[in-house]
Amino acid sequence: MSGWSPVNAWLPLIVVGTSLVAAAGIFLLKEHRHGLRTVFNLSAAVIKLGLVIWMALGVLDEVAFETRYVLVDGVSFILRADPLGIMFTGLSSLLWLFTTIYAIGYLEDAPNRSRFFGFFSLCVASTVGIALAGNLFTFFLFYELLTLSTYPLVVHRGTEKAMRAGKVYLAYTLGGGAVLLLGVAGLHALVGEIEFAAGAGLRDLDTALNPVLTLIFVLLVIGLGVKAALLPLHGWLPTAMVAPAPVSALLHAVAVVKAGAFGIVRVVYDVFGIEFTWQLGLLQPLAWLACATILYGSIRALWQTDLKRRLAYSTISQVSYIVLGTALFGPVGTVGGLVHLLHQGLMKITLFFCAGNYAETLGVHRIDELDGTGRRMPATSVAFTLGAFGMIGVPPLAGFVTKWYLGIGALDTGMAWVIAVLVASSLLNAAYFLPILHRIWFRPQRAPWPDEHFRDCRDTHPWLLLPTLATATFSLAAGLLAGMPFSPLYWAEVVVLREYLP
Amino acid sequence: MGWLDLLLGLTLVTTAGLALASRDLFRAVVMFIVFGLLMALVWVRLQAPDIALAEAAIGAGLTGVLLLDTLGYLKRRFEPTGTNERRPTPTTEGRGDAR
Amino acid sequence: MSTDLFFAWIGVALCGLGLFGFIVHHHLMRRLLAFNIMGSGSFLLLVGLAQDGRGPDPVPQALVLTGIVIAVASTALALVVLRRWYRVSGESSLPEDV
Amino acid sequence: MSRVIVAAIASLIITIALALAVLERPTPTLSLPNLASTAITPGEAGVLHPITAVLLEFRSIDTLLEIAVLLVAVVVALALREAQPDGADRMGLDNPLLHAVVKLLLPLMLLVAAYLLWAGSTRPGGAFQAGAVLAGCGVLLRLAGTSLHGLERPRWLQGGRVLGLLVFVSVGIPPMLAGRAFLDYPADLAGGLILLIEAALTLSIALALLSLFRLAPPQSDSPAFPDRRKRRRA
Amino acid sequence: MSGGEALSWLLVVPLLAAIATLLAPGRWRGWGSLAALPLLWLAFTPVLAAFLHQGTLTTPLGGWSPPLGIALIGDGLALGLVGLTLGVFSLCALFAAADPDPEDHSHLWPLAWFLIAALNGIWLSGDVFNLYVGLELLGLAAVGLVALKGSAEALAAAMRYLLAALLGSLAYLIGVALLYAAAGSLALADLAQLDGGDTTVRVALALMAVGLMLKTALFPLHGWLPAAHGGALPAVSALLSALVVKASFIILLRLWLALDADPLAVVAAQAIGLLGAGAVFWGGWMAWRQARLKYLVAYSTVAQIGYLFLFFPLITGTGTDAARLAWDGTLLMLFAHALAKAGMFLAAGNLVRAVGSAQIADLAGVGRFRPLSLLSFGIAGVSIMGLPPSGGFTAKWLLLQSALASGQWPWLIVLMGGGLLSAVYVFKVLRHAFVEGPTRDTFRSPPTAAELAALTLALSSLVLGVAAHGLLALMRPDALSAVLEGAG
């Protein structure tokens, strides 16, 4: 590790800190200082993205970036940039930039913007902290901070409905947090500090402890599964749809569900180690759970009439692809899961941006109101179409890459039935996305738009449109250019090659 | 320990009992003052003249006067001054504050 | 039995008696009487036990002196609060005692 | 009824526990009386009476805090009285006989108080007893209906009440500045300083006890309003 | 061990300040007290420096060493607590002095200074009778502070508090009498030589424990607390919840460690732990049911006190690791709760003043107008809930580890369940404050200094979560190592 220098030891902390500082600054700003707040927001986002790119290049060169600090005896606070962490950090910082731009446009003239953007920044700080956490304890720290910082965003509108959603959200996430804490504390008591590293020595333990370790694994997966919206624990996600669109985008594509899925990846690969998890016989049930969630989410999505709720169930289904990839015992499947971490983020955020655009520009919320929107808002509709095709897995879009790798991975492991699940899921995806596309492009407008704004814009307000187009472009490029360096696939392969090749 | 001590001790306990059991509050306070004076005697028996002095002056004397003084106050009638919302509300658990 | 020990036993009795009175009564004056009786019991216990078989001991005696002043201060404070409470509420016991 | 049962049980438990404790008590190895007398005999302590030595030498911090306790009670009494005066009910008894008795008794009591204070260093007596007797004088005077004009000025009264603690603390500070412990008076001055402290304490204790008494000089003559603050807010 | 003369200043300064405020006219007392605060810190700094340099400090007061005299002992625990006291008091004083409505509250200042003198005395004293005097001073000053409001409700609360405090100290005093009979000394150091299995010692410790639990308001002896803490002025509530109830707890902790050699102690400790568990659940449940903001916060104190008492089952008869974790966890919990609860009470005071109502239901819309106060409340709430990153979380983590290390898994349920329950009542407040809708337009503004005081306390409870290492190292005592040898 030749590139070791004092700056490198601070860099992970600085990356987390940029959003923290931004949050503090925004909290202190008076409500009406819009200009200054925008400067704060955007400069923090840009600086962070720059730092992350720098760190990413360093990581490719195998430079170590690590902040380490003893919290109390036997427990350290560790932030470290490893390839997997950088992958998630990069996604969050990139999407944060776009979401911030989008949110500034979306919330124009809305009340409580200081509070909103303050917690928004805090939320991103937590996500980046989760990504860079170097041990389970640090991970948990930021995982709970994420819960706390997203609550005010969920209830932002302050309506009775939002409050109820907030209550449900808290009940799920705090409960999940408690279970996770039990797991983390139990593991800590058993083996001491657990740093993230492939097969962190658990397999050297006495085999008599295997039942305890299994229990701990279950606790961890339950705790993480709440945020990842795994099957019986997904209830909060559709309810949380009352939040403003940028929040939904953040919850679904970047922060919350991803944090859960990412945590499961960490637990399987970096805490228990994939081989040891396999030996404990835990991968198979995890795969079943993921498949069940995939199918369940897709089926429920079919019946939703509200656009955002349909997207929400679609998220439940899609996030489990990541879990499925993790549960496949083999490098190819792993690549599939990891790459979907990025792909799903790019595609889903595009879809939510579009849903937000429809709602803000035309007041359209329900799917049957979408007729003819393609003509009124062509750019948004193209972005939506790209996202939807990606989700279905039409080649050569991003979703296809994921499903291809997952399928090959499943064959490698001898779990051919997974292919059936993938196919079924793709059909279901098509079944709930294609009718929407049909309405957008091929049906004439039926009634006047419920609540039209921005009449003088060809499509919608540029602050809303530009981020949408940008993420759409990225998700397109992720599929088309999958073979190029620095594509999501490339990163996923780096991660697997470096660390997880069993 | 002689008969005198025994007598003193038993009287002391009896006075204490009376101070606690009297129905009439005034009688109870008087009994308490007697109790204080007897305590002073006990301290003499325990070779503690300093405490005996203090007990007679403070324990029995001043405390007694304070108690009698307050007793006189409690005999007087006042209109309860709190308005309705300021009336002493039960502040114990399960009442008052429970929604 | 020495005089000291005997009065220590009297102290035990007073403590028991005082505690009974403290809990059983509602009227705040009576509870204060009980408190003072219990206090006297503890003073007897302190001096009596310390001196039993060893002659006068100035240390516990001095402690009792301190204790007596503290007791009178506490009692006086309680009476002040009691009078004020009686004045605003017309009650001489606490509402719904625990 | 349940209250009686609770009380009986609690009382029974404590009685039995204490009885066991008294019966089974071990013999202590330390003997403080011996230590105290060896400390007093060579005149290391400024006083000869062991109890005064314990109160104002060995355990002087106890005494100091105890005066603070008394002051706290007084502060609370004043705070509540100012918030809502008791009203002008002077329990003065216009009884000529009482007047005569008080006139006779008073000089005697003052003398007793002075003696107790002075005696404290060698014989039973001391600031507490003297202060209590002095307070008793005040109580008697008020009972007899005599007004204590000199004491009706709050500033002086307050000063007098605080004086004991102030002197006590102030006397304790110089040793600290000289690098010794708090309250560690120089041996040759100890006797005098302790007498000074005791004198101040006597005055303060007397005034403090008197202030706790309802017949004490009122702080103000405002008539009894139910509660001034509430009225203003209403 | 010497060089401790400076310790006495920690007592002398508050006493002098109390005298000065008594003599000063009412309107000068608040700002005068603020001016005296730097002196207090000035007294503390050299003491802390000396401690870091040479370890535990002692000073024999009056030049008389124990057992005849009384010594102040500045060990790590004591100095940590003194620092906590100074910090919390400084901010509460700032809050109270900034109060634009100083009506009739000038008596607060002498009482508060006596309270601080009593606290410092209790932290530093090594003599059980001196501790009794300190407890009385503390109790009466606290009762006075509660009574200060003068309303019927405040008076009833003060009276109830006074009765509990008196009974508690009496039980403690009887224990002192028995200990003196058994040991012939009142110094804690001498009492440690006693045989813990002796009946007299057992009875003494039991009585003292019950008395101190009553003063600490451990369930089910907590009945006096909610009205006293909930009904007082905000700065007073903060001081009482943050510091006063901790004093009796610390005395119990010290006694327990000094007299630990009793085989029955394990059983007793489990029983105390059960009461603590009861406190956590009952306090949390009652907090949730409150309609008034400050009463909710007060019941939260009842619940949080329960965590402290898990110390006893976790340290008694368990192994070295578990005991060390329990010690660290309990003290960190104490500190975190002190800071967070003080911040919470001050923030609650600001919120109540802003909306002009004590009811939680009236908080709607306050988040928009007093975001800083609400934020302070929320941040303090994070620590109270035991969520990261906060002192409350780190403390809970240590206690969890201790419970796991000693194999006492039932306490896990208490720790986890209590955390969730506290989330329920903290978010109940936040939920009402976030509600938008037809809200009032008339919000009164608390002074900026008052808002900043609350925020500072709340933030420091967060910072404690990541800066606990040094503090805990400072407070880890020699006494503990002795206990650990016994246990190991």
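The chains carry the letters A, B, C, D and E, assigned in the order they are written, with residues numbered from 1 in each.
FYI, contacts are C-beta pairs under 8 Å (C-beta built on N, C-alpha and C of every residue); 3 or more make two chains touch, one makes a residue touch a chain.
Because the structure is predicted, anything quoted here is derived from the model rather than measured.
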Return the chain whose centre of C-alpha atoms lies at maximal distance from the corresponding centre of chain E.
A
Comparing the two chain pairs, does B-D have more C-beta contacts than C-D, or is it the other way round?
C-D
Going by CA means, which chain is nearest the middle of everything shown?
E
Specify the chain most distant from chain D by Cα centroid.
A
Please tell me the distance, in whole Å, between the geometric centres of chain C and chain D computed from their C-alpha atoms.
17
Geometric centre distance via CA averages, chain D-chain A, whole Å
71
Inter-chain centre distance, chain B versus chain D - centres from mean C-alpha coordinates, in Å:
19
Would you kindly tell me how far, in whole Å, the mean C-alpha position of chain C lies from that of chain B?
9
For chain B, residue numbers touching 2 or more other chains are 50, 54, 58, 62, 66, 69-70, 73, 79, 81-82, 86-89, 91-92
Residues within chain C bordering two or more other chains:
5, 9, 13, 15, 17, 20-22, 45, 49, 55-56, 59, 61, 63, 65-66, 68-70, 72-74, 76-77, 79, 81-84, 87-89, 95, 98
Touching two or more other chains, which residues of chain D qualify?
14, 18, 22, 25, 31-32, 36, 51, 58-59, 62, 66, 69, 72-73, 76, 80, 84, 86, 128, 209, 212, 214, 226-227, 230
Of all residues in chain C, those that touch chain E in their complex:
15, 22, 28, 31, 35, 38-39, 42, 45-46, 49-50, 52, 59-60, 63, 66-67, 70, 73-74, 77-78, 81-82, 84-85, 88-89, 94-95, 98
Could you please specify the touching residues of chain C with respect to chain D in the complex?
5, 8-9, 12-13, 15-17, 19-24, 45, 49, 54-59, 61-63, 65-66, 68-70, 72-74, 76-77, 79-81, 83-84, 87-88
Across the complex, what residues on chain D touch chain C?
3-4, 6-8, 10-12, 14-15, 18-19, 22, 25, 31-33, 36, 50-51, 53-55, 58-59, 62-63, 66, 69-70, 72-73, 76-77, 80-81, 84, 86, 128, 205, 209, 212, 214, 226-227
Note which residues of chain E are touching chain A in the complex, please.
324, 328, 332, 367-368, 371, 375, 382, 387-389, 393-394, 397-398, 400-401, 404-405, 412, 416, 419-420, 423, 427, 430-431, 434-437, 466, 468-469, 472
In their shared complex, at which residues does chain E touch chain D?
5, 8-9, 11-12, 15-16, 18-19, 22-23, 59-64, 67-70, 103-104, 107, 110-111, 114, 117-118, 121, 129-130, 133-134, 136-137, 140-141, 143-144, 147-148, 150-151, 174, 178, 181-185, 190, 194-195, 198-200, 203-204, 206-207
